[in-house]
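Labels A, B, C and D are assigned to the chains in the order they are written; within every chain, residues are numbered from 1.
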Amino acid sequence: MTDFFNGIEPVRFAPDATGLAYRHYDPDETVAGKRLEDQLRFAVAYWHSFAWPGGDPFGGQTFQRPWFADDMDAARRKADVAFEMFGILGVPYFCFHDADIRPEGSSFAESKRNFEEIIAVFEAKMETARTRLLWGTANLFSHRRFMSGAATNPDPEIFAWSAATIKNCMDATHRLNGENYVLWGGREGYETLLNTDLAREMDQMGRMLSMVVDYKHKIGFKGQILVEPKPQEPSKHQYDYDVATVYGFLQRYGLENEVKLNLEQGHAILAGHTFEHEIALASALGLLGSIDMNRNDYQSGWDTDQFPTNVPEVTLAYYEILKAGGFTTGGTNFDAKLRRQSLSPEDLIAAHVGAIDVCARGLKAAAKMLDDDLLEAARRDRYAGWDSADAQAMLNSDLASIAAQVEASGRDPQPQSGRQEILENIVNRYV
Amino acid sequence: MTDFFNGIEPVRFAPDATGLAYRHYDPDETVAGKRLEDQLRFAVAYWHSFAWPGGDPFGGQTFQRPWFADDMDAARRKADVAFEMFGILGVPYFCFHDADIRPEGSSFAESKRNFEEIIAVFEAKMETARTRLLWGTANLFSHRRFMSGAATNPDPEIFAWSAATIKNCMDATHRLNGENYVLWGGREGYETLLNTDLAREMDQMGRMLSMVVDYKHKIGFKGQILVEPKPQEPSKHQYDYDVATVYGFLQRYGLENEVKLNLEQGHAILAGHTFEHEIALASALGLLGSIDMNRNDYQSGWDTDQFPTNVPEVTLAYYEILKAGGFTTGGTNFDAKLRRQSLSPEDLIAAHVGAIDVCARGLKAAAKMLDDDLLEAARRDRYAGWDSADAQAMLNSDLASIAAQVEASGRDPQPQSGRQEILENIVNRYV
Amino acid sequence: MTDFFNGIEPVRFAPDATGLAYRHYDPDETVAGKRLEDQLRFAVAYWHSFAWPGGDPFGGQTFQRPWFADDMDAARRKADVAFEMFGILGVPYFCFHDADIRPEGSSFAESKRNFEEIIAVFEAKMETARTRLLWGTANLFSHRRFMSGAATNPDPEIFAWSAATIKNCMDATHRLNGENYVLWGGREGYETLLNTDLAREMDQMGRMLSMVVDYKHKIGFKGQILVEPKPQEPSKHQYDYDVATVYGFLQRYGLENEVKLNLEQGHAILAGHTFEHEIALASALGLLGSIDMNRNDYQSGWDTDQFPTNVPEVTLAYYEILKAGGFTTGGTNFDAKLRRQSLSPEDLIAAHVGAIDVCARGLKAAAKMLDDDLLEAARRDRYAGWDSADAQAMLNSDLASIAAQVEASGRDPQPQSGRQEILENIVNRYV
Amino acid sequence: MTDFFNGIEPVRFAPDATGLAYRHYDPDETVAGKRLEDQLRFAVAYWHSFAWPGGDPFGGQTFQRPWFADDMDAARRKADVAFEMFGILGVPYFCFHDADIRPEGSSFAESKRNFEEIIAVFEAKMETARTRLLWGTANLFSHRRFMSGAATNPDPEIFAWSAATIKNCMDATHRLNGENYVLWGGREGYETLLNTDLAREMDQMGRMLSMVVDYKHKIGFKGQILVEPKPQEPSKHQYDYDVATVYGFLQRYGLENEVKLNLEQGHAILAGHTFEHEIALASALGLLGSIDMNRNDYQSGWDTDQFPTNVPEVTLAYYEILKAGGFTTGGTNFDAKLRRQSLSPEDLIAAHVGAIDVCARGLKAAAKMLDDDLLEAARRDRYAGWDSADAQAMLNSDLASIAAQVEASGRDPQPQSGRQEILENIVNRYV
């Protein structure tokens, strides 16, 4: 045991506690037919909680963690603290990038050795810890070699480096029985169109994703491949802009049945969407995989990756997930970081505890709302006119015959109320 | 002749004029191998210039046009003024919605009769005027019956009304030898997800677009079907969000070889893109059709539809169009409206003259820039590493063999400068 | 009685009701030392609820109200329906513009006569109804004469017309014992700097506001003069941008002790602020007057004026109001309009009922949060270092002596956690 | 001489050059009555060009400069390269923060010694170099001690540290004959209102600024004190939001005659304004000091600090500056950084050369536009109605007498065209 969380006890469900406790999250409560833990499938993000030093574009490191050093001892210490935190929180999952967990080596081979050594540490810990791996991923955006892209780099050697890195990360994810493998292309985009060949770069990216799918099948990895959309930042434009964009991309390269999506609240907002929109659209397109739960400051134009706090918003997100049947391989990963002024170990624990309770409240409200069927009944009602045989026949006919009917009938169809405020009032009964 | 433009003479190319004249637009100048007129293919938008009364959400009509009345006489007077303006400007094209040109009737049939009567007026005028039809379209968003969508309406009768309206507009476009037919779905989206069935509505929209394509073939219309993307406004969310979104939609319904796009500067900006991005992406995806040239105030979050003024921006747009081979059926439609304080007939003419000159400057700069090849040479250079057989072989291999090579080679590829500022300086030599 | 709300009974507090009822708003509940009705001081906005036809920039009227006509009979019918709705809701206040309540006349004098006749109707109704006037105001933005500004118009005759209109509206507000008089300058700004003399226009606006203050004193109006900030829309830029801007303006013209602010959630968001920021800042500057409660869609860049739905957000707004001592002359005006698809009378009632409940929940949570003092104790603690005599002496010394001390002491002050997530968790216990 | 810019010759004015040259900037050309160099007063920003390593929130250092080390030797080498670049560019000014030029020491005193040693290096170089100091400033935002503010910190010891640091930076600026001293409060704001006492923090900030003004007078510094507005980033909200906000702040603390503003294009845009708006407003309020010239990507919601490229935009900025009489102590500081992919020394030079040419084009166009008087004549015309004695008398009368006149006159004033498009066309003749 490290002494980092000195004195912080495992967090328990205790609705009336005054101290650190889950007030709403009882993992064993049955909600929508499953244990709450199995519905929400919470994961801690290694990068934000253990690797991020607290910097921003105008200031450097604020956190002073005992494991902040660029060597293997520090990496092992970091792993110790991470698993202690997983235990304190009782979360069933975690997620990581290669670069979060190991120091960069002086060569590809050394980086790989460092990485595999920590994977072995994880493997050992996971024999006793109950925390499993929701997903692994490769960091192909922080090192300067990726500054102009990974798969989309103008230099084929960097494409190769990226491919090799992904292979290692997929191997590690497979070895740890990860349930998904994620690709986020923060540098797969451009800073300026003036130096960019869009069509070529998209083809490179399509090719890389195809190789990933092939490799998955080759090694027998049963997890789901997930792409994580984000419209911009760090790049001016990223090819995986949003759900709709990735859908078009997957179809272009024949991958729409092999790849699903990992959706993030903050990325939805940067793309001009609500989170529930992105979830509903992914569900409609058969692409819903997993979520990165956080929130984005509505007044800030960058990715603030804050812990979720707004129960009504979170409720709408889980409502769409439950409507889609809930998670299968996916889960709720907190891709959220402390504010850089939140220096203490207690802040790190409390932020997760608060977020877990917010999600639990959201999911429970959503489940009740779905069960009561008020919203869905109203929705069915609104489209009921389409259920008639005539309407379906019309839908399957053609412009000329429809026009003939319309002109002949002389009918002037009248609009019906959309009842938005009444539906919003219904939601407010549950949150 | 009406007396609306009383005293305003046809606008001529006169670089050194002090009054109203084209200082940069000489339709007969050869640029990039064609007459400038044939490159730019300017169109006037009937709706903004002749039908819009100058209202905004906080104020009513400011324009007092002699043809503002809801009867057929006024509609004929409006047509007279419109064709006079086409003549004054010497533009080769115009565009219209059904609702711009005719009064709404008390029934579908009466609206249709009104519409066809004005189409006949147009037909007669076009026998002598040199102005042709760039595209026609149906207004399926202004009347209250469309408040919850046209193709995506929860009421099948409104779907039918919409289909019938499109048929009539396609017929009229065909009759006038229009070169394209456009669909813009301002109400094909939602105000709240709470009352919306996304999947069903997209299917309805896909079905309608398929019927449009079928009808085009049935009647032998040779023009191009174009969808116009816009992310939101008037709806909170519109299904035709941007180029990438429509691409995914077209693939979903098997229409990617039948339909292209009509792209608008202001819509690109509302979707978080530059205009040149949307053009470049449409070109890369084989979807570039036509453009709606305007500008959007960068500080306003709604569609300001202003006349274009910024030559460097316009240059980058035409650069992408020229790289794509220039327009075929498409053109430059000014989907731009006077500011509501610009009350005089002279404002209406001057706004178009200024915009035409801005576009002419942009296209000429773009043509020279493309011809000099400085940007393209730099771009080819940047990706030159991919030309080798080894690079191509690597691209077509697999993760495992690439990883083996990377690890074995021990090479540490170094990033190269992206040279953005130098490329921006090159552009500035041309604008 | 009209039959518009046919069958809708007065709304009562009934926490467990299944139909239309207040589930959270019991006007007689004591919260923070006052009746809830006296804390919240709800007002209905005449314009949105009775005068707005449902149009948007891409579509016309959707509502078909029996009082939509441009004559005095219709104006009287509208007043009947309005007071019926005030009664159904049991709200203590309403607000209006001159243009909401009377038809425009063919001359200034006729408009005034129309206006005064309806004021007399109101006066008569208010003898029996319990609804009072929270504030009156003049509509100096809808008619085309105001297109280039009211006080800031380049034409002195329009300044004069505006001044005269304000006088009449102040007289009417005084006559009806209004508790405030509001000025919102939707056209007091510019579309383009190219035709604008900023300094001159601000001086004109300062002069107008001074006249308003003088006139208030002259007629013995005891209500508060309020300016309503908004950054843009309909104008590209409005001079009353936000709280901070109006504060500078008031100081410039010596009016900071005479004028306070009417703050709107949606306007705060358009200006890049949270609502609680604007309230807290107004309070810090001594300018907090009243609020326009609504919400703005976070993905839309225009003023959506929706009914408030998010209890956690509303709670933070009322928390700042309670910290400032609560309302005096101000109140909670619903500057919120139905979505244009919400056609039915029931929608109009339900929207207000839902919003009233949201505000009641917010205020009650805020009161409890303030009473429990957890947030305020943490805040006092954070700044406790400033309480020492040394710290205060330092604050009142000078750079040179502070520098000497810092250098001599050799101390390296260490940052303390800002505890943001822990504070956010505290808030979540209340909402 | 270092060998960093090996082979790059001093940049000369050579309009027809094909290589690196000023095509538009001839420092000796007379424009608007002064040498162009004396109008534009260009400055290089030490931080972006010499201290920034190329990191962003998702990636680390990309630049590998020979002077990137945390010791005094490196600091001296950096100074050598900086002055070489000033010489190559021939710019008359530079600007710096303390933290740009010296390594942080292990104590306040050591940091001060490091700082003063480099100031001595600068002083020696400036004896022979022609580059002077436009302004100095203190970096009170990068080190973790400032994470919760400098002047506004909840810890008085950090206020003290900040005050002492400012004193040293003012001393150095004075010693180097700097023409201004700038304060930018990147951390003077908040991350969350929940832990913030707005009123107290503003008072602390007002007190610090008063001390700065007092100290300036005490030491006889003749330069101008400038505050630099920015709305947010790094903080969620910054107290110096924009021009209008700082104006209110200065009045509150009685500093409006002592302090002016340093305005930045990118900050204007983040605040929802055009750059020309901020300049025009500062001018109208008597606060125009100096500018930070750059550009902000219109699709990115953070401070991109790019080199300016758009001549029409830059022209409008300089037009307002020339209308205000041009710079006195202020100048054009390039607060602009290379894109992080622009790795080469040539990129650093070319970026400045391109930006200098863009500004020269803009200023020359603005001067001609002002000289030709077309815009100003139109502006005078628009407000001409206010020149009459009657209009002025009316402006100085009162609501009641104006109302009496309006009602009696029976006049219905008609709006006049704002002619925006015609004015925009005029601008386009110059750019």
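Definition applied: a residue touches a chain if its C-beta (ideal position, glycine included) is under 8 Å from a C-beta of that chain, and two chains touch if they have at least 3 such contacts.
Keep in mind that what you see is a predicted model, and the values were worked out from it rather than measured.
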| item | value |
| --- | --- |
| Same-interface partner of A-C, chosen from the options B-C, C-D or B-D, over half of the pairs matching | B-D |
| Contact-richer chain pair [A-D vs A-B] | A-B |
| Chain centre separation in whole Å, for subunit D relative to subunit A (CA means) | 40 |
| Length of the line joining the C-alpha centres of subunit A and subunit B, rounded to whole Å | 35 |
| Overlap residues in subunit C, where contacts from two or more other chains coincide | 62, 144, 147-148, 191-192, 232, 237, 272-274, 299, 339, 341, 415-416, 418-420, 424, 427 |
| Chain contact graph, described as a line, ring, star, complete graph or other shape | complete |
| Residue ranges of subunit D in contact with subunit B within the complex | 23, 62, 269, 272-274, 298-299, 307, 309-313, 338-339, 341-344, 346-347, 350-351, 353-354, 357-358, 415-422, 424-425, 427-429, 431 |
| Residues of subunit D that touch subunit A when the two form their complex | 54-62, 141-144, 146-148, 186-187, 191-192, 232-234, 236-237, 270, 297, 299-303, 339-341 |
| Subunit B contact footprint on subunit A (complex, rising order) | 107-109, 112, 144-145, 147-148, 154-161, 163-164, 166-168, 170, 191-200, 202, 204, 207, 211-212, 214-215, 218, 231-232, 237, 241-242, 244-245, 247-249, 251-252, 271-274, 276-277, 280-281, 283-285, 316, 320, 375, 378-379, 382-383, 385-386, 388, 390-391, 394-396, 398-400, 402-403, 405-407, 410-416, 418-420, 423-424, 427 |
